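Labels for the chains are A, B, C and D, by order of writing; each one numbers its residues from 1.
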């Protein structure tokens, strides 16, 4: 099943870019959890287009309607279903890609897999729009986790090869790592590539605090495996590292090993955190940290080489439509959502919710 | 479940470093597949210690005994079970870690999760030794995949921050990227850290050829998700990237997008392969490529800081026992095995075996 | 997860009796399957109340709205989501059961499991109303199976201990085994118990024709196991038997064994079909037959003994509301639906769709 | 996957009747559970042949060897693997069935499914012998459940259509419902059919005491669904009913509904137990009761009709080999084992172990 996740709390995401609605069913939530729908809506707003003029011009309020699973504002043990109507749909923008697959997109691979029956409009089920229901599930998971002292915060580490530290050097000392307050250097870069009909990628980091030690499993069902399964569901993610990650591969054992120590309250901690809060697939009680690499938005206005299915020959393609020049800006809450559903599932599986 | 993998062909790995045996059950293999046990044994030999004096001194023939699932040398539809006896077990080496957890290991997190009931000897179920049954499953998967024209080949890309290209610069032009023929520069580095009681990490790349287009799924069950779930099961892996991976995050869309074209036989291909053979979670027919980052072996002879469970205070630890100064050397077939079980499962799930 | 089913084509059912909507997500359907929505609606109508004056007075058009998964009337590979609005909701009928659990219902067990957070109105997620989305999934599955020559037909075998043969004896030779044309004897029985504020149960049989031989698995994932998992999801089912079932336990081996023979086309068949089309969990190519026992509707007007949660003492309960005196009448398509989703999943798992 | 069971504690069974060994891996057991291997062996002995001269002449000590998962006699969190060697193997008895499938067996359906690659000897993976590893898992589960006050006891209710009450009428008032002390009437019946080269079936009932209320789920993952999935894994089971089961279908609602009341300790209970301890898929705290119908042993000495694969024509078959005239006698612990693994999994899934 392509679009279900979780062994204990299972989410099942549905929808295409241009279907009547998109949404999610979450089965297995603990009963008695108050869900703050306004807070959920604010979380979704962080992903929605229109927060900045650097994002797509597609307008979607992304108003969530909860269909089931709540009683008097709290989870009641029944599966929680939520839907978001698709409104601002302009299918004609996509007529061309039915015949000429867009480079860097799933148009071609979906065409082969589904034998030409796929809903290609707007990328169908492969659209970044499907991260909205992931954020519904993740936003709900975040509320439940927060009640247990677990916080999840993602931020932009790098855009187009320029790190945050480089971007703020000499200026912008108050700039943030989020879409609402980007360093001017990044903003200029994104505006430039947009004008050029091009796009940028970047790296998002995520930090999870308050995770109790002892959650997770060795081998295939560890926290790294679960988070990876969730994070690689985000379109455009091509890399993932925990703690020191690829940099750890360049250190010596004596540098990379995090010495155990006792913290001020006498709890076991580590003096450094190269392990990113996970050892043997199990949480150590230190912050869980990971970084995800996003490729540049594949939809670009610049003309590209492709092929024509119908004519069986080379073709040129210039993508129309409304696209983000740097999807990283809107992906920050999506990374949080992916982490949230993975951790909620892990905690549920050990009876620790 | 910690140690089971696969939605269609499921592997279930068992054993501890010092238990009577380790092994694996594989359920769901297609019937009628000839299994070459000698070839399997040769595949396992690539992982076994003793091929080089740069590996651990623990001697294990790692002779596989197939208990079920074959009839007259071919799979018969019943689950295939295989075991490897543990022979060269020196449990006394590990007495100390029952009380003082080794930095960089799962000793502490297992202790919390299992409440002190864990088998700490040699790392128990968290031991790198458990990659042997993974290789049994992977070796069998490789034979089945090879029969369908799918080849999986891993190699060492980097050790201790020195790339293969750097290692062979000016010398060693015939050196390989495998344990049998390492560049002299790498060999010297490893010998040096071993003398210093330290260790090195590295990066392993993997290339899968012959994968048909159209296999995989969007969202949570794509090839990237599955391979990630399998590869992060290998102890010491802290990062994973597909195709251009983290480097893609630094390119522009116009650079990173792989133009579609028609190859000599008129098949759709891409002119470059930054996408690493996977678009939208589905194979494109191009080679699947990924790289996994291994942290340095956490078991080092150098004295380290830790704590004592029993005394509730800081403690110093100097790890005895027999360890690999650079586990990367023996991990090459393990990466192939992880990829093989993931791909076999994906193909089975689509009725394409 | 309580409300998901399937290893290959997964259905996830949501909704409560009085939530905004009920519905289902189906993930993993093959692409390119035409879905006839009118036929689906007709299938649902067989389950809907109001076909007969022997059913509940609750009025629900049960109009299905497909939210995603189709493109130009055919499945497109993306999950298919469908919802049915709840309209004729009279929650005040249920105020009492918040405190006094109804005998034979899940009110008490849900109360314990969900700690008082359950949505008790109309039985919440435990309501028979949730068989409507099961019928949506089943109706779609039936269309896909029919295209492959597989037919599923259920019928009423027995009501209140009176078999169909007994009911039609001497009269009614043209009566059917479905709600549209019941034998007069059954109709009278049901009318009588309704007047008495009581209810009846019964037995539904199901026959699946056209199932190819060789589908299914030994042990836990056989056709009997899967069908059982699906059929026991129907509220009120307390028994299930395949082929000769409980009667087989009273035969000798020489009677019960079905001799193999060659049919007119030279295909292997069996001369009798006590095995109900399944041997070793795998289809034999003969019709699959099973029977499900339904307990009498637990909601009855007659006063019953129960307890009061709030007062911690015995209490009497007389159930108001609108109930079916014999739920068996409307359960016939539900049994077909359960069988259909189970078989579709089994076929998908073997790449045979 | 055919031979894996469980969503939280997963068992994976392997082996064929004539493979080197049979066994099971259990993944997800809680750590710190003492396993009494002698008690386990005694539990297995109840299933093993040779307790009575009414069982097969095949001699198997069924000595379990635990390969992993224990440390100092207790579960350590790692998967528990156990194997039983196959010793008394007489494959030549089965040469004929390679060509002539035995009526009532899986020989034919396995042949179709596995394309002729199946290990037909002794029924291969379909053999009743595979209930031995199920009993290993079940025996371990029973020990863990017993420590929590949950007892599982199965017994024979009926053989060849003669109930226990009928069998002991006028005699045998001290006879039991187990193989060790059968009523003389049953013993005579079995001896008679054996002489006639025939066999008998029967019904086994099972009672689970001490199950806490509130465990289970609505719809597809309720206790009835799980127990059904496990019990239908036992070869020869063709029917299953919970509580009053098929008899409930013949009662009125006012009879079948179990009134709630308060027991002596003020706990909610029911005055009767027609619901068999499960309402809405969730335990009510009353004893869980179910009955399983076993068809007569299909292997009989009497000559039977079948067909020949190789000759494509009708054939006669007289089964040689060593068979039980009434498999029900040895199936009693197997039913307990199936129930035990189902309940252990359900409890684990809710964090209640």
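Convention: contacts are C-beta pairs under 8 Å (C-beta built on N, C-alpha and C of every residue); 3 or more make two chains touch, one makes a residue touch a chain.
Only a predicted model underlies this, so the values are computations on that prediction, with no experimental measurement involved.
Peer 1: Work out which chains are contact partners of both chain C and chain D.
Peer 2: Looking at chain D and chain C together, the chains touching each of them are A, B.
Peer 1: Which chain has its C-alpha centre farthest away from the C-alpha centre of chain A?
Peer 2: Of all chains, D has its centre farthest from that of chain A.
Peer 1: For chain B and chain D, let me know how many angstrom lie between their CA-based centres, rounded off.
Peer 2: 39
Peer 1: Starting from the mean Cα coordinates of chain A and chain D, work out the distance between those two points in Å.
Peer 2: Spacing between the chain centres: roughly 46 Å.
Peer 1: Hunt down the residues of chain C that sit against at least two other chains at once, touch-wise.
Peer 2: Residue numbers touching two or more other chains: 1-4, 7-8, 13, 78, 110, 113, 125, 218.
Peer 1: Please output the residues of chain A touching chain C within their complex, sorted ascending.
Peer 2: My answer: residues 1-4, 6, 8-10, 12-16, 19-23, 25, 27-28, 31-32, 65-71, 74-81, 83, 110, 113-119, 121, 124-125.
Peer 1: Touching chain C in the complex: which residues of chain B?
Peer 2: Touching chain C: residues 7-8, 78, 218, 349-352 of chain B.
Peer 1: What does chain A use to touch chain B in their complex?
Peer 2: 1-5, 7, 13, 101, 103-106, 108-110, 112-113, 125-126, 130, 158, 160-161, 193, 198-203, 213-222, 224-225, 228-230, 232-233, 235, 237-246, 248-262, 266, 268, 270-271, 274-276, 278-285, 293-300, 302, 304-307, 312-314
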